[in-house]
Each structure stands twice: as C-alpha cells, then as structure tokens.
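Heads up, the next two complexes both have chain A, just with different partners, chain B and then chain C.
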Partner chain A sequence: MRIVQQLMNIILATLLAGHASLASAILTIEITQGVDGGLPVAIVPFGGAGKDHPPQDVAAVVEADLARSGRFTPLDKKIFVSRPTDDKQVVFKDWRIVKAEALVIGSVKPAAQGRWQVEFRLYDIYKEKQLAGYSYVVGGDRLRAVAHQISDLIYEKLTGEQGVFSTRIAYITRESVGKRFNYKLQIADSDGYNPVTVLSSAEPLISPAWSPDGTRIAYVSWEQRRPILYMQNVVNGARSRIAEFNGINSAPAWSPDGTKLALTLSRDGNTEIYVMRLSDSSLTRLTSNPAADTEPAWSPDGRNIIFTSDRSGKPQIYRMRPDGSDVERVTFEGEYNARASYSADGSMLTLVSGAQGRYHAALLHLQSSVLQVLTDTPLDESPSFAPNGRMILYATERGGRGVLASVSSDGRVRQLLKLQEGDVREPAWSPFNRSTTNNQGATP
Partner chain B sequence: MKNKVLLTLLGIAALALTACGGAESTKPGVDDKSVGADAAGTGSGTDVGGKALDAKADLLAKRRVYFAFDSSAVDGENRAIVEAHAAYLAANKNVKVVLEGHADERGTREYNLALGERRAQAVERMVKALGLTADRIKTVSYGEEKPVAMDHNEGAWALNRRVEIIY
Partner chain C sequence: MVYAALVHLALIALVVVGFRWQSKPPAAPAKVMQAQAVNDAETQKEVERRKKQEERERKAADEKRRQEQAKAAEQKRKDEDKRKAAETEKKRKDEAQKAEARKKKDTEERRKSAESSLKEQLAREEKERTEAKAKAEQAARAQSELARIEGLIRQKVERSWVRPAGWTKGMECVVRVRLAPTGEVINATISRPSGSPAFDRSVENAVYKASPLPLPEDKGLFEHFRELELRFRPEGQA
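On to the complex of A and B.
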C-alpha cells in the first residue's frame, strides 16, 4: 500500500512538474537600491567561435551575479581599451588605465556532441597575476550553472568568502484560477531562473525548509484539508507524510546534522514544539506552556533551539537546549518578535519585528543585543539568511501583491523578486551546493 | 506485459489525477460557504413567522464569528452566534460541525496558524460547555492562508480574523 502511495506520489509529482514547467513564470529581479564603491571589475565579453552562438551569454550572467551581490561594480565596457579573450592578449596596463582592480576574460566554444567548452580566467590587475582559471565542457542547458560557478569562484577569490550564486531558492506561489487559487512549491536558481514546480495544490502550502544536504524539503500542506507536514525529495519527487496528528503539524526545522526535525504540533491540545528523530519518527516534546510555542530553529552548532512564544503576552523569541531545558528569553526590544533563524556563523538572528501594526524584517546581533530593523515595508514575513550570511531574503507586499525581497546584511543593497502575475512568498534559501565539484573543470 | 504495466501506471496516474481533480472541484472558497449560509438564512426567515424565531434564524444565518487583533476572546454578538449554533446542534444530534480558525495577514504565518487554532479552540470550548460532545466537533486552523477579504487594511483584516462554523 505504501509503495502504491509512493508511486502515486512520484507520478503525481512528475505530472505536475511536467505540466508546470511548460508555463512556469520566472521571478525577475529588480535592484531597488544599489551601492557605489564596490570593487571595480572589468568583465570582457567572452570570445567564441564565429557564427556558433552559445544559448547563454555566460559573461553577462557572471556580470549580473557580481553586480547583484553589491560587493562589485562591473565597469562599463565602452571604456575598455582592449578586449582580450585569452591569456596571451591580456595587457595589464590597459586595465590600470580604466581603474579596474580585477579582470575577467573567457570564451565559449563548440565542443563535441553539441556541448560547449567554457574557459575563464580572473586576474589581479595590480599584482599582474592570474587568480583563477578554469575550463568546463557542458551541454547548453548547463551554461547558466557554469556561469554561476564562475561567479562563485570570482567572489571567493576576491572576498575570501563563499559565494551563493550556485545555490537555489524555494518559495511558494499563489495564482488566481477563476475564483480560486492554485499554490505551487517551486525551486529556482538564486537569480530566479530555471524555476521547477515540485508540488502544485489547490490548497495552501507554507514553511518550506531545506534539509542541510539540499536534497529534501519539508513543508506544510492543507491538501487533506488540515495542516499536515510532508517531506519531499527534490531530486526524484518522492514524498512522505512526516506528521499528521490531530491539530497543527507545522513549522519544520532541520537539525544541522539532518537527523532530526524540530516541529510544531497541537496534538496534545496546545501548540507546542517537539523534536522528531527521523530514523524512527520518535518524538520528544520540548515545551509545556499554555502559550503558543512555535517557529523553532536550530543554532548552527546544534546546541540551541530558538522559538517564538507568546508566554509573556506578545510573541517574543526564546532559546532552549534541544532537550527543552534552560529556556531563556532572547528579545526584549519591540512588541512583536517572531520567526527567527540563525546566520551560518551563529552571531545574528533574522526575524520579523513588529511595532504599531507594522512588521519588518530585522536583524538581532546576539553579542550586543542590538535589534536592527532592515526595512520600512509593513508586511514583511519569513526572513532567512543566504548560506554565507551576506543577504537576507524575505517576503513582503508591493502594489497589493506578494513579492520576495532581499537586503544585504549591512542594509546597503536591496532587490525585489517578483512574478509577472500572482503572489510569491515563503522563500527559503538552499544550503551551499555540495555537488559543485561534479562540474568543476580543469585549470587551463 | 509492457502494455499492462503501462496501463496500470496510467490507471494510477488517472486515479491520482482524479483524486487531485476531486480536491479541486470541492468547494473550498469561504465565499461559497457564505453564499450558502446567506441563502439558508433568508429561507428560514420566510418559513417561520414570529419575531423571536426570526432573531434566532438571523443568528444561525451567521456562520462567522470575529476576533480582535491577536485575541481569541469570543465577545458580544459573537457569543450569541456561537450559542445559537450550539443550541441548534444540541437539537440535531446527527449533525457534525467543523470549526475553522483564521487570522489576518499581519505577523508571521506560523504564529498566525497557532492563533487560528486558538480561536477555533475557544469556540470549541464554548460549544462543548453548551453540551456538544467532542466526537461531533472538528477544529482546523488555516492561519492567515485563507483570507475572505483581500485588501491590506484594517477593514479587510477585521473580516479575516474569524472562526467559520461549518455544518
């Protein structure tokens, strides 16, 4: 029976995915606040082989990635003195003239079996030295993925931090269908491209949460007319029910080692936080309070769970050990603080902070207890950190519609991600792409 | 043999689609329910004469009770509405009721899910106190996921903070 159920799920997910990919709307990114003073980088249009045009302009994708991060300022190509496409053509003086500090060159050439050979090199202009150089051979459909990997390499070489261009985002869309709505759980590249629908439903979906290895997503679905917790493999679409007790089954949060799930259940009458060991589905109850306790999130070291509770009257953030002991209140500033999650280094929380009926994405610096409100929009929800902690992605409302927005953790760079039609909400940034090395080419 | 497997797969797929279609064709819209509720109210209003019955029918025609922001307290006329439904259900023992809790869009979705649950439970406690047994009551929270009013203002939010009494 279970096998049949799983088979049905797979077929259903496949059908839905196939159906959806025909008409999947793409999230478009609009930079609403840029920044001066990024590192000036010259990105030369990549060379190629005459009339064979690759299906993607790799250099343009790299340029958009770097510009979006806010840490680089790609230079205007009109001022370039030369346009090298391979190592031999690089004249460092040409780039000092235009005040570039780094130079990116490359080429995309046809390879065997309809594939493409991509080469790129990154140079430090003042040290007159190559910082990175790679060669890849991929199919046309992987050229964007290669571009994002190139962006990640450039970002890492120039900032010393890991880039997030190869990561993905999961989110929920809601579209009108006649008088009703259709909900989809989608996954797209971090720049909104290549959206794939992993679930489509006539009933609401919320709270997608990536497993630490990026292969599964836990989420809440009302498809059975009540909130039930599911887990779905995003590679093959197979899914299973994790919790379907009476009442609420919700707010999934993976332990950093991926072996446990913190979740919210009301099966014992009140909304409480539990931990489920995934190997045998055993449950441990962590909270016991007549207030609502929900929205658990693990610290990166796995030693704490933060959560939202209104035990003081209004929702505030609390912290406890993963066995439910040592509960202490974390937020004191602001009348409403909820849905907190940790940055990868454990030093900050991003959360929704509300006062006078306005709810903003905010940062709480744990060491200093300083609460930094990041936005002036009144209906922000579901903030989460990029895996490198440099950006916060959240849902908000613009022109009466649900959109996603991102803000750099220093508040300087802002972007909107929106659909042509309908609402987008509940963003969740994937962990770093661990399969990056599969695609890595050789140093030329 | 291959065909058989394919047919079976198609059959399962069709089943899955039917299940899916079934879910889609079921009336989900709170809008639909309110239309139903309104129609029923007008009907009983013309059927029964007398002012006292009219007043009660008016209360029974109301299938939603409303709440203050971040509150699950059932106040004033809302209390009278719940009591009228409880009295009707006490007299009609084969009828089961679903109490659907909802919240407005402000604040976080998961906290609002808990708030919707708390509202549904508040109404559940009332109807239990008025004699309904647990096996006839189901509560479900939708949090902020199913607003009846789509605007982003206090007027819409007041309509969305509600429990729907469905039977």
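On to the complex of A and C.
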C-alpha cells in the first residue's frame, strides 16, 4: 500500500511540476507558413479643391509604383469603409476591417503661382500611428516626380530599404520613318513616363550604360557605320568618343568607382574583354581565348568581372579578377546564359537564360548557385537590376515589337512599362538619384 | 476405569443416601410365623432352627431389601448424578457456548473493526488514487487543450502573415505577445529582430491582424496564454 501511495505521490509531484513548468515557461509557437505577397496597403484617392483638378492623379501614381515593386498589394478601393483625406478623418478600425497594414492619405490643392500643394500621410494601422507626413509645393509638371518621391518614402518607411521610384531608366527606341528607321537613346522615369531623348540617330544605338554617379551614359553607336563607343553627359549633353578601334567597340561597363570601363574589342582579331582607364584611355586586355568573350560587368566591390563566353561551345557566364586572372565558370544550368550583371549587394546576377529560341530573364543566386527564371515570355533580353536589387527591368516582345517590362526579384509581380510607340530595347536602370526635387519636407 | 469410577460414585452416594435411608426406614415386609407346639425340644430345636431360619431369612430379606434399597439408591443416585452431570454438562455447555459466542462476538467485532479500518484505508487509498488519476487526466486534458489552442493560434497567425518579398530561409524573428483574457493582442514586441525591417514589420502586423487570438474555453488555462512567444521562421519556396 505504501509503495503504491509513494508511487502515486511521485506521479502527482511530477505532474504538478510539469504543470508548474508550463505555467512559468512562456509558450513558444513556431510560425513557418504565410501568404507570400505584398504588404496590404490602402491608398485613398487624394482629396483636392473641388473644381481645380491637378494635372496628375498623385495617388494613382503612388499606387502603381507600390504595386509594380511587388512589395505591396494596394487594396481595392471598393472595399474601403471610409475615405479620409486628412488626419482627423482617419479611423484605424475601418482599415483593420479591410485587412490593410498601412494607410496612405493625402491631398493636392492649388497653391500660389499656379503651383500645387501636395500633402500625404502614411499610417501604421495596427500600431495606430503616423509613420510619415510631408508637404510639397510644386508646378504641375513636377507632380509625377513628387508622387515617385512619396512612393519612395512609403517604401523606405515600410521596408527599411531605399525605394527606386525616383530613379530613371535609359533605353533605345526604334521607329519607322518611311523606309528607314530612327533610333533614339531615351531616359524616362522609372515607370516609363516623361521620356527625354538624349540622342537621335539614323543608325543603330545599343548598350547604354549608366555611370555610377548617374551623370553619364556610355553607349555604342553605328553612326559612323561601325560600332564606336561614346560617352554622354545626361545633364548637359556633352559627348565624347571613348573607343573607336578597328573592329568591334562594344559592351561598356563602368567600374564601381567610375574611373574605368570594361569593354569588348576585336582590335586584336578576336573578341576579347579589356579594361580602359578613363583618365588616360590606357587599355588592359583581360581575356585571351579563341572563343568570343564579351558583355563584361563589374561586381559592386570591384573585385570581380563577370562576362559571357562561348568557350565551352555555348554561351555561359564566367568570372575573373579585374586583371583577367582566376577565370572560373559561374553558370552550369541551361544551354544559354548571357548578359549577366550584379545586384547592388553582390549576392545575385540577373541574366538571360534559355535554350532553343526561348530566352528568359533569370536570377542566379551566387551563394546557392540556384538559377531562378523570372519570366515566361519567349524573347526576353537585357535584364537590368534596379539599384536596390528588388526589381529587374528587361526588354521583351509584345505584338511583334519590343517593349519594356519589370519583374520583382521574387518573380511574383511582372508589369509592362507604358512607353510610346515603336520598338523599345536595351533598357538600363539608373543608379540612385543624387539630385532631389524641390522637397519641402515639412511634417504637417 | 469407568466402572471403578461408578463404584466409587456409588459408594459415596451410598454414604450420602444411606443416611437418609436410616432416618426414614422403608416398611419392611414381615413374615409372620404361626407358633405351634410341637416337640418341645424338637420344637425348641425347631423353634430355634426356625428362629435361626427366620433370622437367616430375615437377614437375607434384610440383606436383599438393603441391597435393593442400595440398588434403588444407587439408581437414584446414578440418576441424580446423571441429572447433575447433565446439568453440569449443560451448564458447562451453555457457558462454553456463551464463551464461544462472546469470543465469537469479540472476534467478529475485532474482525469487523479490523475490516472496517482496512476498508477505510483502502477507501482512502482508492480516493487518493482516483484523485491522482483525476489530476493526471486533468493535466493530460489541459495539455491536449493547450496543444489544440496552440494549433489554432498558429493557424490564425499564419493566415494573417504576409511574408514580404525577399525573405530567405534561416530568417527568424521572435515576437513577445501579451494577450487580454478576450484574446485581444495588448501588445506585440519584437524580442529578436530578423535584421530586415520589412520582415519584422510583417511579423508584428501578422500578430495584430490575427487578434483576437483563439483561447481555451477553460478560463483556468488562460494563464498559459497571457504571455506568448511567437517564433517566425519561414519555410518553403522563397
């Protein structure tokens, strides 16, 4: 009897101890699954001043920016319970009902001298607090730029990373003019709006490449009936020839510090990669291989140059030191890998990957060597990272002509850019914008 | 031996009964002789003889009577003895019976009391066992209820969690959550950030969005959920 009782006591004690430990230790619950998607954000149409309609729907530009990034999912306005346009009208509960995590409200009102006053506020719905609030006074032609700035602020506040909406893109268009074509090097906002022609030519233009400070673009022009490398200041239009050697002069790539260009020349007979020091135009040959080596690109730390070579029989990506040493093959998956460039953090390459007439924009994760195909259209080319590495701009074909499209780096959100008529190709995403618009960054 | 005992008893009885018998002599049958004058000498002789005879006879009769009396006495004594013995025996038996009964009663009582104390102990032990079992069952029930609620909380939070683009395997964010007894999230604070503000924000939002969190119906178990730790560790295809 005693033994039984003792046993019972022991069992009881153990149970109670277990109970006690349950009570004292904090319950930990593992969460591993979720919905992959953008942060649900409610963007309320901005309020205004009755009759006077601003020339741009600022809220719509912001919404398109955030949606295109893939990091946000703007909510359908039809489900909105209320439509506040100023702080006093915000009821957080209304936004929890529609499962918004963030709220953007604002207004665009006429200001003096035909200008506009733009105000916006960003709220955290669950913490019930304002995260940002700014006011700008700009001319009607700057409203889109202000909208992109607002998008950048929202992006930064909510993701902790720099937004790219105020950056620009460069690309080449081709239009039919009678029996001939007209080529243009253009620069536009990151969403393709406000294009500005930098250069117009009756002969082909290719390979625009932004200098790291975003003030110059190097490109290849056939205006002399052969490919010659030029550099042009995008602010003042000043232009200079960089390389006009015999044969091919192509595929310029800026070193991260902006002092050198890697480029492809065939002046020694074969297509090889060289590095030119811009201060004295001195050349260093990096490759020496009977196969074609081209399309160099620098790593962000300047310690590596990747390039395309068909030395294995098919185009693949290789890596070497900036002096041409330590060459190693980087891509092994797929028959065709070309036109690679680094993400800003150096962890990924974007490239064209494909086989047998189907070429897609892809990501190569360098650490894992995982090749991630981002697009499913057949003739994608010239992928170019956004400066924050979260989006990729590329050229594709739609209705028989070249168009530009962007894809989020997880491949989830793809969107065609709105551009004018004509064939559009060879896009290049600018670095972060150093200049700022007239931002009167006062928090209301 | 029995015979000897009986003889002794008879002798004792004789002494005892004999006294009574002397004080109350039974009427002895008297043989009356008719005197006849016959030859005097002869007669005398005869008389003498007869006298002797009579004496003899009387003696014999006496003897016989005495013997009979003794016998009767003996019988009576024996009867008496028997009766007494029976009485004694009965008494003895009664007493023995009584003693037995008493003893039996005592034993019974003792047994009963022993039995009852055993019963009590058994009952006590049984009660303890039952209580322990009940407690164990309750603890087990509580455990399974905790696990069930944990699962419900996990589901609700996972449905609310919008994993931001760019998450990678190995990212981890731990958030401390305080709950009201209604399940409402009072606050959620990141106790171990992931390094990505977007990821951390998604985690906080997931917790607030999932509010109110499911709680057990048994209010007694709420203590387990007053403060929770949610460990966000994404799995699957990034």
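What we mean here is this: the second predicted complex is superposed on the first by the 396 of 444 C-alpha atoms of A that agree within 3 Å, B and C clash if a C-alpha of one lies under 4 Å from a C-alpha of the other, contacts with A are read in each partner's own complex, and residues count from 1 in each chain.
In the analysis below, a residue touches a chain if its C-beta (ideal position, glycine included) is under 8 Å from a C-beta of that chain, and two chains touch if they have at least 3 such contacts.
Computed from a predicted model, the values in this text were never measured in an experiment.
Once the two complexes are laid over each other on the shared chain, residue contacts for A:G399 go to neither chain B nor chain C.
Looking at the shared chain after the overlay, A:E101 reaches chain C, while chain B stays out of its contact range.
Of the two partner chains, neither chain B nor chain C is touched by A:P290.
Of the two partner chains placed around the shared chain by superposition, chain B is the only one that A:R180 touches, whereas chain C remains out of contact. In the superposition on chain A, no contact is made by A:G114 with either chain B or chain C. By the touch criterion defined above, A:Y359 lies against chain B but remains apart from chain C after alignment on the C-alpha atoms of chain A. Comparing the two interfaces of chain A, the one with chain B and the one with chain C have residues 4, 8, 11-12, 15 in common. Across the interface of their complex, chain C is touched by residues 1, 4-5, 8, 11-12, 15-16, 18-19, 22-23, 26-40, 70-71, 73, 96, 99, 101, 126-127, 158-161, 390, 408-410, 412 of chain A.
Chain A makes touch with chain B in their complex at residues 4, 7-8, 11-12, 15, 179-180, 201-204, 206-207, 222-223, 225-227, 247-248, 250-251, 264, 266, 269, 271, 292, 294-295, 308, 310, 314-315, 336, 338-339, 352, 354, 357, 359, 379, 381-382, 397, 400, 426. Of all residues in chain B, only 9, 12-13, 15-17, 20, 23-24, 28-29, 31, 69-70, 105-111, 113-115, 117-118, 121, 139-143, 145-146, 151-152 touch chain A in the complex they form. On chain C, the positions that touch chain A within their shared complex are 121, 125, 128-129, 132, 135-136, 139, 142-143, 146, 150, 153-154, 157-159, 161-166, 176, 196-198, 201-202, 204-206, 208-209, 223-225, 227-236, 238.
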